[in-house]
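Shared between the two complexes below is subunit A, which has subunit B as its partner in the first and subunit C in the second.
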Partner chain A sequence: MLVHSKAARRAVHALFFLLFVPVFALPLLVIVGASFATSWSGALPSGLTLTHYQDIARGDSLHALITSVLTALAAGAAALTAGTWAALAAEKLGRRTSRLLDALFLLPVAVPSVVVGLSLLVAFSQRPFLLNGTPGIVIIAHTVLVTAFAYQSVTAALARLDPAYEQCAAGLGARPAYVLWRVKLPLLLPSLTAAVGLCFALSMGELSATMMIYPPDWMPLPVHVFAATDRGSLFTGAALAVALMATTLLVLLAVSRIRTRASYR
Partner chain B sequence: MASPQTGRATVPNPARSSRSRAARRTLWALPPVAALALVFLYPLALVVRQSFTPEDGGPSTASYAPYATVLAEASFREALTNTVLTAVGATVGALLLGLALALVIAFVPFPGGKALSRFTDLFLAFPSFLITLALLFLYGTVGVANGLWTDVTGAASGPLNFLHTPWGVLLAEVTYFTPFVMRPLLAAFSQVETGQLEAAASLGARPWRIVRAVILPEALPSLAAGGALVLVLCLNEFGIVLFTGAKDVVTLPVLVYSKAILDGDYTGACVVAVLNIALSVALYALYRAVASRTSAGSPSRTPSRTGGEPRRAGA
Partner chain C sequence: MGAAPEAGIRFDEVSVAYGRHGGNTVLDSFSLTVEPGEVMALLGPSGSGKTTALRTVAGFVRPVSGRVLIGGRDVTGLPPYRRGIGMVVQQYALFPHMKVAENVAFGLRAQKVPRAEIAGRVAEALEMTGMATYAGRHPRELSGGQQQRVAIARALAIRPGVLLLDEPLSALDAQLRSGMLAELARLHRELPDVTILYVTHDQVEALTLADRIAVLDKARLRDCGTPQQLYRRPRTAFTASFVGSANLLPVTVAGDGVRFAGRALTVPVAGVAEGATATLCIRPHLVGLGESPAGDGNTLRGRITEVQWRGSTHRLQVDVDGHRIIADLRELRETPALGEEIALHFAPEDGVLIPEGIGGDGTYEGGAGGVGALGNGAAEEGTRGWGAGGQWTGKQEAGRAGLSGTGSRHG
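The block that comes next holds the complex of A and B.
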């Protein structure tokens, strides 16, 4: 407790909410409010309607939502596999080599996503890999962008893991593959699910690289939101954004349930 | 391959078997590295190669001509200035706001404060462009704030018309990136001994002095790491600027996009991309250096991105 007088404490808290509410709370509330409105030029939205949501349920928007979910699931699974494998391999390597692997796998965070998109566009529009115009290139881009986070979560979890379990199992004669499958991965499960949830959320919201490479028949939801707001349909865009946030949160919730059940095992 | 001694040795040579085990471990690291090389390093290499290949020249003539062309463009220099200025401005803003909010949550606690800090974590899971969309409803020319103003004063239009200027981008970036500063700060603040604060207070130090002399020195490494990370993410930010739709706010990522997709000038886009990578990677290396010094005593080999678990990169 830093401020002891009651009045001063109240003043500090008032200042806190004066900063917090307009900056953090209002934006999310406003998007949710706007998604139910047809116009908003006063204190409250007017012309309450569900039309925007009914429009989502049919046509392109639903297709875009499904596209986003499929892309995010594929990218999340691929990123988790690659990130976990690399983190497990890095742990066994020498200090210098593992630092090199760290740098390599964290590099995509530093490279602008737009540039990742451009590089895939340049590389996969020419031989020997012709992927431009396929859904595959979008999934690859998302995987490249989110693998760093899977790698980082798993590496951090491995560092916290008690080596005694592993040594015990090995000392009792378990083969390395058995130790990995029956001891290490179950112990890592909470971190793995957290990592895959994070990768899914990142991929759901990815716009920069996607804008560079999406083919017309594989248009993820963020691009659809941009297209809607760009032609002035802000309220449709808001409803789409709410659908995006809700889907992401639902999946994160489902994933966190896996985690709690696993941690009692 | 086999050394002359191998035939004579009855027990496996320990040095040799440990070397072969090391080789096998390196082999295990190869598949993910190869995959990364194929989908990340190889494309980047092609971008660098294309940036040295003029469109009209033959495929084999490498030259600096594209760089000279791009560097001479006023639009590039303007984009570079815009990128650096907004990134620095947004970082400073996010640091100040994040520091203020985190100080209150940690040291002037109130019921629900922890829940609020978790609420800001939600921001890390949402795409950045949603912030711009929300600000359009709040402060846009037909938004809430201007609507209230015209209702109250009867004026034809409201006073706020800054969203399509650099200030709009700055506001959105400060909003979006402040949680990235708050997370490591809250983690660092939780390590500060309450006893130290009480000792300082009982010796007569005013709250501001305690913040300056006790809390800040403790939190400085986290502040530096958070600031450097936000700077890199701001330099790479694309969604916020794109959604703002401002014609006069062009940053380097937007320039890459407009050159490649709108103008079809891939060589020019690659040149800007290479320069952007150089800027961002240099800063990211700096961040890693700062962050690894911060967590020097900790067992974790890789300092996590935001102190705790990370959220998204600049999407």
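The block that comes next holds the complex of A and C.
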């Protein structure tokens, strides 16, 4: 604790709540409130109902939720594989080459995601790379957008990993592949699960690039949320948003359970 | 190589440099032979290149020039996993996600040793290090000393010809360290065929454990010999001050002795030219109180500038004509007072003359045999290389004194 006096500590706590509640907590609470409402004209929502959730369970929305989860799982796995591979490779490259790799992986984050979506649409609309209109293009777009985060978090974890583990293992006669499989990856597991969780969450919420490329039969949930609010069905949108939020949280919780088991130190 | 033994280590002119264009040399033309079954300590201050030398044997550092041989085989270009060495590092580096037994079995599994054989060898290694009862624990459940034992067991399980120990005891507290030191000595008695390269900055560890000590400083080998040789007859001022403590006095050779601050002292001067400047090394514990009884003139008078009581000894610092002399005397009945005038003496045979040019930034270029013959400061040209029978012929840089010795001690 940097703050020692009781009064100062209270002041800091007050400031925290003053900033946190209106900026982070209230909007989420409003969404949850709205998802159960039929109208909201006063201070609080009125006409409490479960209709919006029942609609989700029945219609296209459930399909969209499954689409979102599948896309996020595929993109998360692909991003983790590519990001980890690249981070492991960058470690063995010279400082200059690895900086170049850093920049390359950061590019999709630096470029507006609408531009990423558009460029993929243009790139994959011609034979022999005709992916336009398939779920594949959505998964590729998400992978491109989130790999940077996997790459960064694995790179950071590798930098923290004591090289003595790898060296001792090699000294004991273990080939590089064996060292990777039996020593490095197990030691990186906590960071790998964190990375895949982050990628999954980011992919679940991706909208702008998805809007550019989604085919009619592969419409992720954020597009549904957008469409619902766009046509004025604010409360339906809110219910969809809550479903999206809850699913993401559930998956992250499951991932964090693996993390706890994977952290040895 | 000739009768190159199975698992000796040889450094042949090994240089390691980092940075752009290799600007930062961390090991400079390092040559050394470690006989099979020998314990060689690489002793030096931090940044002396001793760890780098060890890492070239392990294969983690690739030399810019020179060769490293293990058991007569050139391993310079081999990856670490094909060298068959065991290694123990300062921070143990036990794999935290594996239990003790799995850690010890790691090398055996990696080398695809038959499953049936692994259990027995793991048990044997754990037995040898006294860790058999901890096989089912995770490393985090062990103390530092226990972790170190497991690390040693892990290295020994693969039955390496060469064991590399990189400051293995420096993370332990003093008491544990001396216990582990005895333990390592016992292990080596049980495994006399294992060649051990032991990197340390602690002279006590080196003196206790090593058959021979190689002293490194500023990326170069400065001296090499048995602990007794280095302690009793140091050949460079650096060795004298790094292996044990030493009084180093600037002297000029004159007649049967030397002149120091205007007085004549009797010390052996064999091989050093009349009139040459040199450094006289006297160990503090060999300095006695009072006038020299032998009438050899080896009496130094001065004023006490500091008194330290160290339990069994008193350490006095005495100012003799502007030179500081340290004397470790058996505990005195009456503590001398600061500023008091006293006389100190030493026996002629306890003075070791170090010719000018070997100390300071001088480089050791000699072999490791007996008490090397001390050459004088003349330039000496020769070729560097390994002669027949493992004899090392050294090439001297102009103006530097020569040392040459042959053969090497192996017990």
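Just so we're on the same page, the second predicted complex is superposed on the first by the 243 of 265 C-alpha atoms of A that agree within 3 Å, B and C clash if a C-alpha of one lies under 4 Å from a C-alpha of the other, contacts with A are read in each partner's own complex, and residues count from 1 in each chain.
Just so we're on the same page, a residue touches a chain if its C-beta (ideal position, glycine included) is under 8 Å from a C-beta of that chain, and two chains touch if they have at least 3 such contacts.
Small disclaimer: the values here were computed from a predicted structure and weren't measured.
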First (subunit B), second (subunit C), both or neither touched by A:220: neither
Greater residue coverage of subunit A in the superposed arrangement, subunit B or subunit C: B
Which of subunit B and subunit C A:162 touches, first, second, both or neither: second
First (subunit B), second (subunit C), both or neither touched by A:172: second
Touching partner for A:20 - first (subunit B), second (subunit C), both, neither: first
Touching partner for A:183 - first (subunit B), second (subunit C), both, neither: second
Residues of subunit A that lie at the interface with subunit B and also at the interface with subunit C: none
Residue ranges of subunit A in contact with subunit B within the complex: 1-4, 9, 12-13, 15-16, 19-20, 22-28, 30-31, 33-34, 40-43, 82-83, 85-86, 88-90, 92-94, 97-98, 101-116, 118-124, 140, 143-145, 147-149, 152-153, 155-156, 159-160, 194, 198, 201-202, 204-209, 211-212, 222, 225-226, 229-230, 234, 237-238, 241, 244-245, 248-249, 252
Parts of subunit A lying in touch with subunit C, wherever the complex brings them together: 162, 164-165, 167-176, 178, 182-183, 186-187, 264-265
Subunit A-facing residues of subunit B, complex: 22, 25-26, 28-29, 31-33, 35-36, 39-40, 42-44, 46-47, 50, 97, 100-101, 103-105, 107-110, 116, 119-120, 122-123, 125-131, 133-138, 142-144, 146-148, 150-151, 174-175, 178, 197, 201, 207, 210-211, 232, 235-236, 238-239, 242-243, 245, 252-254, 256-257, 260-261, 266, 269-270, 273, 276-277, 280-281, 283-285, 288, 299-302, 304-305, 309-315
Subunit A-touching residues of subunit C, taken from the complex the two chains share: 58-60, 79-87, 89, 91, 93, 95-97, 106-107, 110-111, 138, 140, 154-155, 158, 164
